[in-house]
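Input: a single structure, listed below in structure tokens.
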Amino acid sequence: MNLEPHLPALQVVVPLLTAPLVVLLRDARLAWWAALAASAMNFAVAVAITGQVLDGAVVRYDMGGWAAPLGIELRVDALSTILLLVVSGASTLALLGGRASLLEQVGEARQPLFMAAWLLALAGLVGILVSGDAFNIFVFMEISSLATYILVAGGPDRRALPATFKYLVAGTVGATFYLIGVGMVFMMTGTLNIADMELRLATVGDTNIVYVAAGFITIGLALKAAIFPLHAWMPNAYTWAPHVVTAFIAACATKVALYVLLRMDFFVFQKNLVDHELQFAFVLMPLAAMGILFGSIAAVFEPNLKRILAFSSLAQIGYILLGASLVTVAGFNASVLHLFNHALAKGALFLAVVCLGLRYRHLDLADLQGAGRHMPWTLTAFALAGLSLIGVPGTAGFVSKWALIIAALERGALGVALVVLIVVSSLLAVVYVARIVERLWFGEPPGENPAVSEAPWPTLAVTWLAVGANFWFGLNASLPGELAQRAGEAFLRHLP
Amino acid sequence: MLTGAVVAIAVTMLLALVRALLGPSVYDRVLAVNMFGTKTVLLLAIVAFVAGRDDYLDLALAYALINFIGVLAVLEFFHQRKFGHVPQVANGSDLQPPENEATPSEREP
Amino acid sequence: MTSLLTVFLLVLALITALGVVRARNLFAAVMLMGIFSLLMAAVFLLLDAPDVALTEAAVGAGISTVLLLSAMALTAEEELAGGIHPTPALAVVLVTAAVIFYGMFEKPLVGDPEAPVNTHLAPQFFELTREQMEIPNVVTAVLASFRGYDTLGEVIVVLTAAIGVLFLIGPDAPQGSRAPSGGNLAGGGLKHHQPLRIVGKIAIPFILLFAFYVQYHGEYSPGGGFQAGALLAAGIILFGLLEGREAAAAVIPTRVLKAMAAGGALVFGGVGVVTLLMGGQFLEYRVLLDHPVSAQQLGIVVIEVGVGVTVSGVLLLIYHAFAARGRG
Amino acid sequence: MLALDLFNSWIFVLLLMVGFYAVIARDNLVKKLMGLSIFQSAVFLLFITMGTVTGGTAPIVLGDDWGAVFSNPLPQVLILTAIVVGISTLALGLAIVVRIKESYGRISDIDAPERDRRL
């Protein structure tokens, strides 16, 4: 039979239904293989969908055979595709390279449950991305969130538990805010389908309640996306989660929440709410700017390697939001590109952290001093990925930062201020990356020197693969560029 | 007639709620919850009658059963407290015995 | 009269909620939560939502009371003095409320048949249910067919919760060094209380029978897979409370529960895969049989069974995980 | 019905406030979860309220009388799902609380200065 028309459904259903099977397994190795297979298949489906989207199609699918808005519609466009690639790719790479680390940190007995949770997190995230229905997004948001809490709580340190609890409370409050907002829009329009919402809001868009709804949706999702100052849950969750999990969720979880924020704000509200740009100009843009500064500065002073990277994520989320809050096509393009490129850089960095974590129990910089002498390959990979994070020309990070600067300059004086901000925070990024690399290469190893060796080759190979991707997409940005451009074209149609 | 019944039930619910809020002993609260559940069942039966929907009686039935289980769970909880060990006071403070409240074991006949 | 009654119940609910927040004694708070759930359930019924009312009662007053008590047995009953930060919290809460009030006064009136909520999709749901499914409970029709994909997601959420609880406090999870010994719920059971035991045991078969009724009558009256699963689990939990957790575990071993939890979700998803293979969209039941109406009904019945099996399995797994914790 | 309409909205907002307050202000983790439940219940009330139709009855057809006035089934379906999501979150949250109690010995004030930097 021809599976091609069913790709959007398969994208979600494969991991969603592999998970219950994995729960029943008893063997850790088998569970890992099953999860890897499902994740790889998920990536393959994402690539196939990308092909369809690049052919110019918006891929639609009616669940249950009920046409939207009566039933639930799946809808994949360029914006979703770029994140589908990121999410399924990050999951596959992290699983591929993370087996040894997961066995060590989570233990063998609980692997099947853990792998099932992993698949559910993956299914939830891709479920959000392909969905065209606001309530369906809520359901899959909860699947991915609950599964992610499990993954984070799997960390070996007891501090993982309070971190997870905080994450759970923040995530639930965020999701409930989102639900309130969706409820209010539903009350005014009678529909849950995102495309239909936009059409039907046209007649009622100028009522207070729709503004309130937009506010609730934005705040709820900002909480889930860890936008400054609602990021309090994020650094600890990233730090105490198992290293492999951090590599996965740092590349995906907050970005998918950000994706929903962009989807709702731009594709539903922008056209219908008068002065909706003001929300961006006066609220989100200042927050993004503060987040960039705060995250970068906090990263400079942090002693723990994973926390440094977590705060750097806070700054990077700021960049993405900054691009979007310009409310121009160029800004939106830059924002989408940065979603992709930051995931590449952060994914590679955290994979290098996985390598380090296999050899070191504590990841404070003081503990890791001199690690470079024992693990030169890991450290080189880390340094190269760090270049991408900073945005050195030739890396993926440069492409999107450059796009962001160009987009900002369209805005005159304000744009110049923003460019200064970007440059300053990039310099701060130089400082914290250089600080890590310097301590890890040249620092004196603490105390008696443990016999540390290079990380095992599967993990290392995957790390280098991710680093390679940073340079590949730095030199040849046609794929993300093309997708971002198409996303920008779609965005243009939703401007008033 | 029906209105009178509803008012009577409402008043009883209010009284039960007051008991549940004020306590003071655990048994007051348990009984209050149980009574509240019973009143809800009665209320539902009347609503079913007024609305002319027999299928609502299913719900009344379900509430009655659930209520029973809830109360048993509470009893089991205190049963464990009495025969099992009371959890140690860890780090000093989570388990201060309530000052104004008799512990259930003291009230046990 | 119903609207007055709704107002009255809502006031009680608000008072109860305040009581929950105020109570220092967590046990009292759990009791009040039970009352709160019953009140909300009654309100939902008065607002013409019997399916929701049934679920809220089974979940809120039944399952979550049991869960909260089992967790409390493992943790602590009293709240610490202090540990409240009223001022910033009040500020945040008041701002949130003010924002909602700003929007609330323009919304369409409740009960207005001409409100967009009630005119856009609802009539079509009734029409299509009548034409293509011929089942009287339109809530079930929407739940299982029109938005079956959401319901699949809901089943997966429940399964995720079970995976999480097993992962965190299941038999393979790390045992805490400071676990209180013997302070858990439903270890020994109420074996020594004859009257309770007899009355309880008489009730169990009725609860189970009622659960099956709710399951299979879900297309005709309030109920369906989720409510039935919760009731079924409640019946077995009752048995565990009376006879001890081990006895309940002997009736349905954990291994079987796990298979139920996963199997139900697989049955649900399997229906989707079958419809896909038969040339329809995912979860498009009408391709299952030649006669589309029977096909829709078949699909709904099968997936509701999947929901019921998963939910009962999951809730029992969670109950066992909490009850067995701390027993070693 | 005007009074009822506003009244439901009032209670929705007040319940939301009460629950949200408990989530933010209370240090006790179980209390936070209870607050979260109340918070979610408020949202359930919002949805169910918007679907009622004056003079209507529950969307379960009695005696094949399809012409009667019915309340809207869609919000009810959404809330059924949301209730299930709520109980799942509660179960997971309680499991985490149990583990926190086991490894910290307390379920309040978990943000207190950590003494286990090198645990």
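Just so it is clear, A, B, C and D label the chains in written order, and each chain counts residues from 1 on its own.
One rule holds for everything that comes next: contacts are C-beta pairs under 8 Å (C-beta built on N, C-alpha and C of every residue); 3 or more make two chains touch, one makes a residue touch a chain.
These numbers come from a predicted model, not from an experiment.
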Based on CA centres, what chain would you say lies at the far end from chain B?
A
Which two chains share the largest set of C-beta contact pairs:
C-D
With chain centres taken as the means of their Cα atoms, state the distance from chain A to chain C in Å.
31
Chain centre separation in whole Å, for chain D relative to chain A (CA means)
28
Distance-wise, how many Å sit between the C-alpha centres of chain B and chain C, to the nearest whole number?
20
Could you put a whole-Å number on the gap between the CA centroids of chain C and chain D?
12
At which residue positions does chain A touch at least two other chains?
135, 139, 142, 146, 149-150, 153, 180, 186-187
Residues of chain D that contact two or more other chains, please.
16, 20, 50, 57-58, 60, 62, 74-75, 78, 81, 85, 88-89, 92, 96-97, 99, 101, 103-108
Where chain C touches two or more other chains at once, by residue number
50, 72, 74-76, 80, 100, 104, 107, 115, 117-118, 121-122, 125, 147, 150, 153-154, 157, 160-161, 164, 168, 173, 178, 220-222
Between the chains shown, work out who touches whom and classify the graph as line, ring, star, complete or other.
other
Taking all chains into account, which pairs touch?
A-C, A-D, B-C, B-D, C-D
Which residues of chain B touch chain C in their complex?
2-3, 6, 10, 13-14, 17, 20-21, 23, 26, 29-30, 32-33, 36-37, 40, 43-44, 47, 50-51, 53, 55-56, 58-59, 61-63, 65-70, 72-77, 79-81, 83-88, 90, 93-98, 101
Under the touch definition given earlier, write down the residues of chain C that touch chain A in their complex.
99-100, 102-108, 115-122, 124-125, 128, 145-150, 152-154, 156-157, 159-161, 163-164, 166-168, 170, 172-173, 258-259, 261-263, 265-266, 269, 272-273, 276-277, 279-287
Chain D partner, complex, touching residues on chain A are 135, 138-139, 142, 146, 149-150, 153, 157-159, 161-162, 164-165, 168-169, 172-173, 176, 179-180, 183, 186-187, 192, 362
Okay, in this complex, where on chain D does chain B touch?
57-58, 60, 62, 101, 104-108
Interface residues, chain A side, partner chain C - complex
1, 6, 9, 13, 16-17, 19-21, 23-24, 61-66, 69-72, 107, 109-110, 113-114, 116-117, 120, 123, 127, 135-136, 139-140, 142-143, 146-147, 149-150, 153-154, 180, 184, 186-191, 200, 204, 207-213, 215-216
